[in-house]
Amino acid sequence: MSSDKVTLRFQNKAVICRAGTSVAAALWENGIRVLSHSPKYGRGRGVTCARGQCTACLMRIDGIPNVRACETAVCDGMTIERQDTGAFYGPVLQKTLATADSLFPVGFYYKWFTRPAALSRMFLQGIRPLTGVGRVPDAPAAVRSLPEAADPPARPAATEDLGSVDHIIVGGGPAGLEAALEADAPALVVDDHPSPGGQRAAALREACEHLGSRLQRYPTLAAADDRIRSLQEKFSERRDLRYIGHSRIVAGYRPNGLLLRHGSELASVEFAMLTWAAGAMDVLGLFPGNDTPGLIGPRALYRLLCRDGLRVDGKPVLVVGHGLDLWLSAALLSARGAHPALVVDGPGDQTEISAAVDEKWQLATGMKLASLRTIRADRISATLVPRRSAPGPINSHLELDADLVVVCGEGKPSFDVTYQIGVDYELVPQAGGFVPTRRTESGYRGTLPDGAPVAIVGEAAGTGPQVPSEGAPS
Amino acid sequence: MIPLTREQVPATADVVLVGAGINGLATAYELAQLGMKNIVVLEKTYIGSGSTGRCGGGIRQQWTTEENIRLAQESVRMYENMSAELGYQVFFRQGGYLMVTENENDLPALRDAVALQQRCDVPTDFLQPQECLEIVPDLDISRIKGATFCPRDGTAYPFAVVWGYARACHRKGVKIYIGTTVTDLKTTEGRITAVETDRGTIQTPLVVNCAGPWARSLAAGIGVELPNRQERHEIMVSESLKPFLDPMVISISNGIYFSQSMRGEIVGGIGDSDEPRLPGPSRFKTHSGMRFAVRFAQALLSYYPRAAEVRMMRQWAGMYDVTPDHRPILGGVDGLDGYFHSCGFSGHGFMLGPMTGKRMARFITTGRRDEIIESLSLERFSRGDIQADAFVVG
Amino acid sequence: MSHPKTFLCRCEDVTLEEFREAYGEGFSELESLKRYTGVGTGFCQGKGCMSEAAAELARLRGIEPGQIRLTTIRPPAEPLTFGQLAALDEPIFHAAQEEEE
């Protein structure tokens, strides 16, 4: 076997895939999209966030339960199993529930079979084996975390000398790099991407190169790419700024403690000052079928294509939404030989729309996603309806089939760690979710309960991708 | 079902209970059972938001004083019937409690405790380390010197218990107000007259202080001095896995306890002698610490190495309302008519709550102190009648 | 064919309808709704659904989203194995000694 191929054992069958990709991408390319079944209704779930932030890809890998397939690099001989058996309601009940969920109202297990005491005991005994997902680990084994580039995660005297730092900047995207460059003192930037630039950097570079001279017709893409490149360059010139890739902040403890995970190792970090620039998460929306395998957000798309090299050539892909990510997804997909169909959910920007028409991308405007369903193992059917209050074809529903559906919109600011250590948050749906109270246009600046200064900037502050945007529709 | 109103409170009530934890709700339910009307429960945040919702849900009969054994035994009987009684599934599962020690010197005390428990009809047995493997097959017994096991101990889901009581209370006409803070108790000539809240005043002749860790400051407002101290305790749950652990394992050597819930999570905590006991102001520090996560993980793996690849999902902290002898304070106060308290449950109010609720309700309605109310009265501290239990763990 | 469901919380498989039903049963704040329905208690630690659940609750109660009290978010932000945690060396700092609420 050549070294660029590896063989996995999936459900006891051999699966051959490219080396250097993630388990989730490898299975996808082998036509296996359902990675797990949901605990209650037993619905098939596929890779969703591609970033270790959801539940959809939890599998038993090398005897360890609940391992994230999207964050695990393939290696020869790896055993991969779905954790389907006996999820909460059991297979028979799940079948029933899938069709008649009104039989089981919310919280029915609190209310049914409580009397007499003997029946209640029998009920408990009966449901106990159905609880839980995944069996306890077989025996300790090594599960590798995915190297994002060809080079293995360099261990920059990584974790040992951390201990306490003066200024930690979490997130190496444009907002984080800008904060680092503005700082006149040494700072440490941590991010899970191997090098500075953030979630869009690689996708932007590739898309811009693909567009070549046509790039001028996509001013938002050009501006975003320029900005990141110039920040990357300035950052590399500053000796007092340090970057640690392959690292994620996985917990916050008051007053000023963080847990950093580098690969599979943890280190504790005490900071004097924190800048939170951890960006945003994809938001897929609330509509029927919003758990259909193959529905992802732009950030997941960038990771699957740029990090895992997922093959999409020749595939129809539906991209719905607005903003920078809509155009970036479309351009990246066409760079990879996919056939993007674009649905702009607002009025859209004329410059880009006319450019997209010239690209020969399918295009509709003023529509939004109404529902999704799987029609074949590798095909999704989407129903689109006119967006109220937006000009566009009225009353014309649209049915589209696609291999992959990408929903682009405002991201959801990442907030859990800063909230844990004492920053006040409030719900502002227009800003994508919870955002720091008393934030300004440039983000949030304040102090933690014990007095340590904290800044929250960029998409993490709910201020949108920091690029000229076409103006979000209502 | 449970209309948790945020309205203005009523102008009058026959009795007001402060706190919708297990004690407030169980007492309210038992008062209603005894035919009392116009019962009002006031809760400053939400149901179970105090210690009850933060606790490990453990219920055991393995104690070293006869009184504690009898109290717990009575509670276990109530828990065995609770789902049926309340018409609400509280997930009481009797997987037993395995109490282990790493210290030879503890063995005589363990054997004495077993003998006492058996005399009280609690089916506890003494186990050699090897025998522990029959109960927890993957237990690392290399440091364990001996253990005791009672198969009828168990765990219940704390939120289900308080919701179940709340629902049953509601059916009996008890009014529960959430988001309502008692700011003051009013007395005139040695009698309770009213309860003041941030949503209005309620005239009432009777008030029951079930405010858990906040009980001390509430009582202080009317000159009742409680010896309670507040101690922060941390706890965590793991990811949910298929059943693999039946009992609660608890170590009297390092204070760790862990079991597997009906959702499949490992639920566990560990005591920390470095935690200060605070002369409780009414606000508490309930943040999670990294120190706990590390100490718990180390202690867990020392007994259950197979959990090395199991993940911790969430950790949190709660308050123990601790008394000098770790026993609750029940009853009333001489010279202050209409005032009652049920607090100071230390680390075991969840297991005692149903039973103490019943006895408190009987005391409140009849005025007769039974032997438990007598022995757990506040006056015991001035009488010097303190009998501490050796098995205070966690 | 079943009618497709709208999932509020994918980890714990909670649909929008179930969340509304739970609200109808009297659970009117996020902490209890979270525990009763399971919303936000799954592997994603609430990243995927807490803000959606909070927005839905604001709609149900007819109040401004900003008035919804956020639930406590408990560490860690990503599940960590006991092996990883046990490998951290003590002493690890104590939790803050300041006051809550």
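First chain written, first letter: the chains are A, B and C, and each begins at residue 1.
We adopt the following convention: contacts are C-beta pairs under 8 Å (C-beta built on N, C-alpha and C of every residue); 3 or more make two chains touch, one makes a residue touch a chain.
Quick caveat: nothing in here was measured; it's all calculated off a predicted structure.
Counted by C-beta pairs in contact, the busier of A-C and B-C is A-C.
Of all chains shown, the one whose average CA position lies nearest the global CA mean is C.
As a whole-number value, the distance joining the C-alpha centres of chain A and chain B reads 41 Å. With each centre defined as the average position of its C-alpha atoms, the distance from chain A to chain C rounds to 18 Å. Centroids of chain B and chain C (each the mean of its C-alpha atoms) stand 25 Å apart. Multi-chain contact residues of chain C, defined as those touching 2 or more other chains: 25, 36, 43, 45, 74-76, 79-80, 83, 85, 88, 92-93, 95-96, 98. Counting partner chains per residue, chain A shows two or more touched chains at residues 66, 140, 251, 253-254, 257, 259, 268, 420. Counting partner chains per residue, chain B shows two or more touched chains at residues 163, 239, 287-290, 293, 307-311. Within the complex, the chain C residues that touch chain A are 2-8, 10-13, 15-16, 18-19, 21-22, 25, 36-37, 42-48, 50-52, 54-55, 58, 65-66, 68, 70, 73-80, 83-85, 87-88, 92-93, 95-96, 98. Chain contact summary for the complex, chain B toward chain A: residues 80-81, 83-84, 86-89, 91-93, 160, 163-164, 239-244, 262-264, 287-290, 293, 306-311. By the touch rule above, chain B contacts chain C in their complex via residues 1-4, 6, 45-49, 53, 159, 163, 178-179, 232, 238-239, 274, 281, 283-298, 300-301, 307-317. Residues 38-41, 43, 45, 48-49, 52-56, 58, 66, 98-99, 101, 105-107, 140, 248-255, 257, 259, 261, 264-268, 270, 281, 286-292, 371-373, 412, 414, 416-417, 419-420, 425-429, 432-434, 449-450 of chain A are the ones that touch chain C when the two sit in their complex.
Those residues of chain C lying in contact with chain B across their complex are 25-29, 31-32, 35-36, 41, 43, 45, 72, 74-76, 79-83, 85-86, 88-101.
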